[in-house]
Structure formats: C-alpha cells, structure tokens
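Heads up, the next two complexes both have subunit A, just with different partners, subunit B and then subunit C.
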Partner chain A sequence: MSRKDKIFLAVVFGAYTMAWIINLKYIPPVGEAFKTLGHRWVVSLGSFSFNPVTIINASIVFLVILWFALSVRDLKLIPDRKQSILEWLFNTFYEMVEDTVPDPKFVRPTFVIAMTVFIFVWTSNMLASFPGVVFVGWENGKLTEIGLFTDTWQAPTADLNTNLTYALMVFVISHAFAIKAKGFKAWLKSWFEPNAIMMPMNLIGELAKPISHSLRLFGNIAGGAILTYIFTYMIKYFLLPVFLWGFFGIFVGTIQALVFSILVIAYISAQLT
Partner chain B sequence: MKGFRDFVKFNLITAFGATVVANIAVVGFIGWLIDRYTFNNKVIFIISLFLGTVSGVYNGIRELLKEAERYEKLDRKDDNDNDDSDSS
Partner chain C sequence: MDKMDLAQAIYLLGKAIGAGLAMGIGAIGPGVGEGNIGAHAMDAMARQPEMMGAITTRMLLADAVAESTGIYSLLIAFLIIFAL
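Let's turn to the complex of A and B:
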C-alpha cells in the first residue's frame, strides 16, 4: 500500500468516525426510527406523481458516467489501468453477446443496449454503498426530514419505476428486433408455437418477462437498503455498516447489474432465435 | 470466457424461480381484474392463480431447456477449439 493510499484510508476512517459520533448524538428511539421505513417522498403534479429522489440521484449517476466517459475519451495505444479495465469489460460483454445472439447483424446493437444498461445499473447500485443525503418520506408521501450521512444514498434502481422503464424498453426492443429479423408474419406465427392452444401461455410468458426482470433488481436493491438500515440502527452505526454498505452496495450491486444485463441479452436473443 | 460462462449458468436457477413467480403474478392480476368486474366471488381469481402456476412452470422449463441447449453448444464449440489447438 502506497503512502497516498494510507492517507486516503485514514481520511475516510476519520470522516466515518466523525459521522458516527454526530449520528450517535441524534439516534432516534426505535418507534420513531422505523416509522418512516420504506416510505418515499412523492411529489404530485396533477395526476402525475413521481419520486424526486430517483430523478435527482439518476441525474447524479448520469453526471458521474459523463465525467468518466470524458476522462477516458483519449484512448492510448498502450492502455493505462483505467483503459485496461474498460477494454476488458467491453471485450467480455462483446464476447458474451457474440456467443448468445444468433444473428451477427444484431450483435452490435444488442451489445450497445446491454452495455449501456449495465453501466447505468452498476453506477446506480454503487450509490447505495456510500452514506449521503437521505430524504425521509412519510405515509402520505410528504418529506419529513433530510438526513446527512444517516443512511446510504437511495439508488435509482431501488425505485421500481426505473427498473420497469428499462425492462419495458428491452421488451419493446426485443420484439422490434424479432420483427426486423424474421419478418412480421414469422414473428406473428411464433406466438402460436408449438400449436395454437399454447398461445395464451406464450402471451403470459412474454408479459411476465418485464415484470420478473424489473422486480428482481428492485427486490435485491431495495431489500438490501432496508436490511442495511435496520442492522445499522441495531448496532448504533458502529463499524458494521461499512461491511453492509460494501456487501449490499458493491457485491450484490455488481452481481445484480450483471444479471440484469445478461437478461437483456438473453431476452433479445430469445426473440431472434 | 468459459469460467465466466460457468458463473453465469447459476443465473438459470433464479431465472426459473423469477419466471414462475412473475407468471403467477401476471395471470393472478388479470384474473383479479376479470373477477372484480364480473362475478366478484374470487373463483376466477383462484382459478387464474392455478393457471399462472401451470404457465409459470411451462415457461420456466422451456426457458431452462433453451438455455441448457445453448450452453451445451457453446461448451462443445470450446472443446473442439481446444482439441484443434492441442493437435496443432
């Protein structure tokens, strides 16, 4: 470990200890702490309601991705560490798409979609591994308080709307690709395979895809956030949260981002087969 | 790539479970809607839950078989490539 790394770790640990001492002073009693658990801040504009935290945090994720993209814009012939990791990641994904998608014409578009989804979902999930600004909602959707370092940032993927948007987008894209690859008649015929009686089963199976796709990511990320909150409260914010943030944020976050994008590839390739 | 693929294969287990649950949810919801606007005695809803289970297992197994076939093909291709490189 270099001297620079040691200083960085010491600063992070110092900041963490300070946040713990401050939080220890303001820890609410059990009844109050769990009253707002799972509730979101909801803003209504006429008949349209949304969670502003999702929009704010998704914007942060977009800015982080944009900053990173700009920092690796100038590719070198002899890659540095950052470029090597990126090249390895892109290469692994491309090989995976090449292995899965049967029609070579659709390899590149599928890769672009899957990679974009992976980068967004992974960066969103990583947000949940850092303590930050927490917006506490109440049963009627009103904002009750804003906490600083009392919990991790709320990942945009912990909101079902984000995941469902991506899942529906993949659903529409996969069918559009299928129509383009097989032609409209063959695509229509594929609903009646192996015979016409199975059509309702095929229809239900297709409708279930975006639901299982989005709910799986939502359950893992939102569930992880709730578990972390409960455990963090139980041990009064002392040391263990770092492990929990790491486990649910980095480990589970990476696995789920990978699973989500693998399913994007699988659903598109299933329509092309 | 093969090692990574082996890791990805574990996804099939959760994929099967998620497919079954999602099918039950979709058919259950449709059944609940139909029941609400027709007889309103939960019979159609319960029948739809059973249909959802059947559809879930059917679609889950179909997906599993499709994926298993694909992985088998890829593994065979990898083995052939390895044999070719060993012989040369």
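Let's turn to the complex of A and C:
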C-alpha cells in the first residue's frame, strides 16, 4: 500500500467516524426501529393485492440489465474487459449445461433459461448489497415514510412472489421439455415408476421441487436483509455494516444466484433423462 | 411493555420460546451437514492440493444447499416473531 492510499483510507475512516458520531443522535429507540421490520407495503386493487416495492425494484433491475446489454451490443473480435467477462460467464454456463443435459437438442434452450434466471437473480441480489431508497412506515395501504440510505435496497428476490414465479416457470418448462423429448405417453408413464403405488410419492416429490427451490432463495435474501438490519442497529451503524453488506449481499447473493440457476439446469435435465 | 395482562404475557412467552426453539433445533442439521461437507472437502484438498479451486467452489455450493433447512427454520422464526 502506498503512502497516498494510506492517507486516503485514513481520511475516509475519519469521515466515516464523524458521520457515525453525528448520526448517533438520530438513531430511533428499539421499539420504533423494529416496528415495521418484516412487514411489507401492500396495495390492494379489488380482489388481488401486490407489493409495489417489488415492482419498482424489479423495473430498476430490468433497466440496469438493459443498460448493460445495450453497452455490449457491438461485439468485437478482440474483446475488451466487459465483453471478456461476459464471454467467460456465458462459456462457463454453456459448458455446465452441456455436461448436465443429455439431449443435445435441449442444450441451447436450457442454457437460455438458466442464464436469464441467473442474470436477473444475481443483479437483484446485488441491489440488496448496498443502501438506497427504502419504503418504511405505512398505514391502511398508504405510504407515510420513505427512508434514504437507512437500510439496503429491498431486492425483488426478497419477495416470495418473484421467486415462486421463476420456480413455477421452471417446473412447467421442465415438464413441457419432457413431453417434447419423450412423447406424451412416456411422460405419463414416468409418473407410475417403478409401479403404480408410487404415484403419490412421485407427485409430492415433483410438487416439493418448486417450493423448496423458491423458499431457499427467498429465505436467504429476506433473512439476510432482516439480520443485516438487526445487526446494524445493535452496533449502531458503526463500521460493521460494510462487512455485513459484503457478506449477506455480495457473497450469499452470488452463491444463491448460482445455486438457483444450477438447480434450474438440474431440474430440467432430471426430466429429460 | 410496562403493564400487560396474563393472556398477553403467555402469548409473548409462547412467541419467544417458539421462535427460539425453531431456530435452535433447526440449526443442528445444517451445522452437522456443513461440518461434514467441510471435513470431506479438507480431506480431498489434502489428497489433491492442485484441485483446491474446483473443490472450494463445489464445497460452497454444497454448503448453500445443505443450509437450506436452516434457512427454512430462520423463516419460521421470523414469521413467529413478526407476523404472528
């Protein structure tokens, strides 16, 4: 580390400590801070209700992905840094799908689905790794308070609706692929393997897949967000939050996005064999 | 939380004990599982140090799958505390 870096780090740390000492006055008491923890802002339209935060943050994620996609649109023969990262990622995933999926006809569709899911889930997990606009405090469906940099972004994947959508989509797609690959009769027969008595077991086993698939991601991201909030409150926002964001946001987020998309590949290939 | 009647107190007691038990018992399985995964990964690394990178990646993946039951109990504990 050079002398310049040391001075820079010392200045940043000093500014951080000053900000912490000033902010210490405005930290709310326990009862107030944890009042809306784990609750969501829900807007109901007629018979169905939805979570606007998920929709807003999911559109932010879409815009980020769109911006990135537009910036690497013109591919060059000699790749720059951005393009080579992208090529490495796509290549790794393609090789993984090629190793897992037995039918070469379904390698490309499976790769497209798994890659899309990975990019969306990873980007939205990264959104939860740094502080931003948070929606806290509401009464009777009306928003009363918006926090700026008081907590991390609420990731779309911290809402079960998003994850269940993807998991159910993968469930339907895997069975559609199975019908296409083996034919309707063979697919129907696969439910009665090894004999007809095992049918309920197969059914439960299949239905448990999307549930565990979606709950794993939801629990990791939502639980990580809540734990981060509680720990940062306990330590009074001093220094530790950065490491918590790094661990629960970047590390756990990357691993869970990878696990989610690997399970997508595994579930699809399990139906094809 | 200055004054509460008996019903409220029992309700709070049940919530606290339930959440604590859910998280505590639910953490046993993933703890044992992740310990096993770590031990076997160490074994493999000691046998083949040149495979360290690949083994570490797969170890982390296996950890993420093994801890999912612990995550479910964490969810249940949060549901008990905040949503019940």
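By definition in this document, the second predicted complex is superposed on the first by the 240 of 273 C-alpha atoms of A that agree within 3 Å, B and C clash if a C-alpha of one lies under 4 Å from a C-alpha of the other, contacts with A are read in each partner's own complex, and residues count from 1 in each chain.
Following the convention adopted for this analysis, a residue touches a chain if its C-beta (ideal position, glycine included) is under 8 Å from a C-beta of that chain, and two chains touch if they have at least 3 such contacts.
Computed from a prediction, not measured in an experiment: that's the story for all the values here.
Judged by the touch definition given at the top, the superposed model places A:211 against subunit B, while subunit C stays out of reach. In the overlay built on the shared chain, the residue A:99 is in contact with subunit B alone; subunit C does not reach it. When the two structures are aligned on the shared chain, A:270 is found in touch with subunit B, with no touch to subunit C. Between subunit B and subunit C, the partner in contact with more residues of subunit A is B. Touch criterion met: A:223 reaches subunit C, while subunit B stays clear of it. By the touch criterion defined above, A:39 lies against subunit C but remains apart from subunit B after alignment on the C-alpha atoms of chain A. In the superposition on chain A, contact is made by A:256 with subunit C only, not with subunit B.
After overlaying the two complexes on the shared chain, residue contacts for A:201 are found with subunit B alone; subunit C is out of touch.
In the superposition on the C-alpha atoms of chain A, the part of subunit A touched by subunit B in one complex and by subunit C in the other spans residues 212, 215-216, 259, 262. On the side of subunit A, the complex with subunit B involves touching residues 92, 95-96, 99-100, 200-201, 204-205, 207-209, 211-212, 215-216, 259, 262-263, 266, 270, 273. Here subunit B touches subunit A in the complex through residues 1, 4-5, 8, 11, 14-15, 18-19, 21-23, 25-27, 52, 55-56, 58-59, 62-63, 66-67, 70, 74, going by the rule given at the top.
Put simply, subunit C touches subunit A in their complex at residues 60-61, 63-65, 68, 71-72, 74-75, 78, 81-83. On subunit A, the positions that touch subunit C within their shared complex are 37-39, 212, 215-216, 218-220, 222-223, 226, 255-256, 258-259, 262.
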